[in-house]
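Below is one structure; the comments refer to it alone.
Each chain gets a letter, A, B, C, D, E, F, G, H, I and J, in the order it is written, and its residues are counted from 1.
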Amino acid sequence: MEFLVRFDTALPETMTDERRAELKSAERARAMELREAGVLKRLWRVPGRRAVVGLWEAPDATALHDALTSLPQFPWMDVTVEALATHPQEA
Amino acid sequence: MEFLVRFDTALPETMTDERRAELKSAERARAMELREAGVLKRLWRVPGRRAVVGLWEAPDATALHDALTSLPQFPWMDVTVEALATHPQEA
Amino acid sequence: MEFLVRFDTALPETMTDERRAELKSAERARAMELREAGVLKRLWRVPGRRAVVGLWEAPDATALHDALTSLPQFPWMDVTVEALATHPQEA
Amino acid sequence: MEFLVRFDTALPETMTDERRAELKSAERARAMELREAGVLKRLWRVPGRRAVVGLWEAPDATALHDALTSLPQFPWMDVTVEALATHPQEA
Amino acid sequence: MEFLVRFDTALPETMTDERRAELKSAERARAMELREAGVLKRLWRVPGRRAVVGLWEAPDATALHDALTSLPQFPWMDVTVEALATHPQEA
Amino acid sequence: MEFLVRFDTALPETMTDERRAELKSAERARAMELREAGVLKRLWRVPGRRAVVGLWEAPDATALHDALTSLPQFPWMDVTVEALATHPQEA
Amino acid sequence: MEFLVRFDTALPETMTDERRAELKSAERARAMELREAGVLKRLWRVPGRRAVVGLWEAPDATALHDALTSLPQFPWMDVTVEALATHPQEA
Amino acid sequence: MEFLVRFDTALPETMTDERRAELKSAERARAMELREAGVLKRLWRVPGRRAVVGLWEAPDATALHDALTSLPQFPWMDVTVEALATHPQEA
Amino acid sequence: MEFLVRFDTALPETMTDERRAELKSAERARAMELREAGVLKRLWRVPGRRAVVGLWEAPDATALHDALTSLPQFPWMDVTVEALATHPQEA
Amino acid sequence: MEFLVRFDTALPETMTDERRAELKSAERARAMELREAGVLKRLWRVPGRRAVVGLWEAPDATALHDALTSLPQFPWMDVTVEALATHPQEA
């Protein structure tokens, strides 16, 4: 089952540059694992924003939630999830 | 997987009373079948409104969509669906 | 009478890990008591969020408020309550 | 238990003046019965609008829904209900 | 003239418990004076929230504003006011 | 007491030009009476819209409602009212 | 350049079943041409709604607009378009 | 003074094709006059919608309103106007 | 040209009482100058809020912006501006 | 392709005046480069706000995003982007 997921990530102003760099690289590594596992299928940047739209696939909303919370930046993300059904033209 | 589903049903003013009664009884019959199949689990009335909140279970959003569109009043319903994940206290 | 209740919990960044762990375990314990008392009937995770949707039962809104404020994390919760009426198919 | 209830009533343009007068007088009569029964406690006009705010008392949301749907103009009302808890200063 | 008034009070996290207790008792005392003066007529708790809905009576919006700003917690309240007209059934 | 009042007037497409002209001239006549009575103090056009913002003065919301409903176009107006308090710089 | 496009299609109640069937088949045929041309890349059903989310690719917003207006049901669609930038992980 | 103006035009379903064509050509002619007069400076299409964003220049909001109402399709437009100030980088 | 302007002023909790008093008196002095210059015409208090609605007159939005930014409390104000056109009844 | 872009810039209260002045001058310098490159075409001030509306031109949303993030104040801007299509009157 596919989901459209939006994140808006806001790291706190007080976070050190080192911690930020660390988090970004851990985030990218985890995202790559989720891509290889077929859970994260596409990612787009919302122009002008620190926000991201993604296409995810998971057996259900619980598995999706587990994938999302496995992202190292999850504690600073505001996430919204939209469940998608298959369109008859693609069935 | 469970879903929280809201319907707001607005039959057109021009529909005859006979057609309304027919639709309501067909709706109830189909809802009963969906309950027996374990797809429709609970239904609540939103007080003061023709709206209904329901708890549904389906393998994915495509199966849920098929169940919803099988309701005889579907063409006159405004429906919103919220995907639910299992809460750790209930896992 | 049943109520649909949404919480969005935001513990402050400055809270220590110890205090967090303590609060989470106190929260779970109190939730279990409310389940046993039949006040808290179901709980779902909103996927991708620290938010929770619950089905509660209480004699009236005052009793519900007392149950909600008895949760140890209540001071950090943003809560919205929707009163539900019995649906004729379930009466 | 008390409820704050808002109605916005919109009788269709095509309704005859006779039917309108009939409905308004039936509405007033039913409202009076509900006042005498202690269900409808106060009613205010929202200035400049055909809308009304009311204070209602009913054992639960199901009983409130039944009272609201007993109003002759109910089919043309858009209704929203807010459940109220007792304030500690009034307990 | 009556007004429906909503408050959402948010005392800052950094306020001491002593200062909070002091403020709450001063608030209750001032509210009691306003009740006796017939300015504050009813107060309800919004279930699950630190919010309050009240029915107030004042000669006009200026007098209402003065009553509201006389509350000791006013600096931390987010307040919205709705002017009410007399309903013909109560005139 | 002053009020800021917004109207959005939408005469039905099916109304004849004659009826429209009649209504507009009756509207203007009634507005003039309300200006002379000191109830309607100012009127502005919202640029690009059939909407109007007005400054009204009335003893209370009930008197304001009566003034607004005395406008011949009232049945086709969507009206919102905001109660205003005196600013200390003007007291 | 990719775009996320939402449609909500509402054919008028008065349209004959024949005209509806004709339109749906013309819509499907045009969608297939746009898929073959690489303009329409994915389509999902929003569960419970007549709405569709699609992933489109076009050189710019003008070319996208031309593709959208070439759909036979365009006159009855409410469309919203969100421009997407490439995410660095996919560059 | 410049203004950013959005129109959403919705000609009624019942309008004949002939009347539509007539209106569109009258609209284009009037727009051209307003461009020559320097009142209408730019016009963009909102992709996927019958909506238009325009940059207009007029001495004040009253002159802008007169320009907008001179458009033949004005009775079927929903218009919103945003007043713009000169940016210091362009002063 | 007239403008309807709303301010919501929120001085930071950490500002000293002395600095607050200073700012308020500077604000009042500047407002008086703007009144004498015919730029600030009326000011109302929104009951229950630290917000203010004002009627301003300026040759255009740039001059209005300059007047607003000349207020000493401007850095802590959230301001919204609505351009007004002359109503035909007042022309 | 053109884009309408809104920024709302909020430098933190704790930033020194020196750092602010530095940032503003770097911002102006970068904006000038983007104007010379034909990427930034127009800029307007939203009256009464620290917000800016701009007309930008870029080959696609990715190039626009790169231009926006090259602004020195980008980390403190809340940005929204609207893709524009060419209007047939200007084609």
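In the analysis below, contacts are C-beta pairs under 8 Å (C-beta built on N, C-alpha and C of every residue); 3 or more make two chains touch, one makes a residue touch a chain.
Note that this is a predicted model, so its numbers are computed, not measured.
Taking the definition of touch as given, a chain qualifies here only if it contacts chain D and chain J alike; none does. Matching the C-alpha atoms of chain E with those of chain J calls for a turn of 145 degrees, to the nearest 5. Relative to chain H, the most remote chain by averaged C-alpha coordinates is C. Greatest Cα centroid separation from chain G: this falls to E. Where the sister copies chain A and chain J meet, the same residue numbers recur on both sides for under half of the interface positions.
Annotation: the G-J interface is duplicated by E-F among the options A-J, E-F or C-E, judged by over half of the residue-numbered contact pairs being identical.
Centroid to centroid, with C-alpha atoms defining each point, chain A and chain B lie 30 Å apart. A separation of 43 Å divides the Cα centre of chain B from that of chain H.
Spacing of chain A relative to chain D, judged by their CA centroids, is 46 angstrom. Residues of chain H found to touch two or more other chains are 3, 45-47, 61-62, 64-65, 81, 83-86.
Every pair of chains meeting the contact definition is listed here: A-B, A-C, A-G, A-J, B-C, B-D, B-G, C-D, C-E, D-E, D-F, E-F, E-I, F-H, F-I, G-H, G-J, H-I, H-J, I-J. Chain contact summary for the complex, chain C toward chain B: residues 2, 4, 28, 31-32, 42-47, 52-53, 82-90.
Interface residues of chain G, counted against chain B in their complex, comprise 13, 45-49. The part of chain F that touches chain D in the complex is made up of residues 3, 5, 12, 61-62, 64-65, 68, 79-81.
Of all residues in chain I, those touching chain H in their complex are 1, 3, 60-62, 64-65, 81, 83-86.
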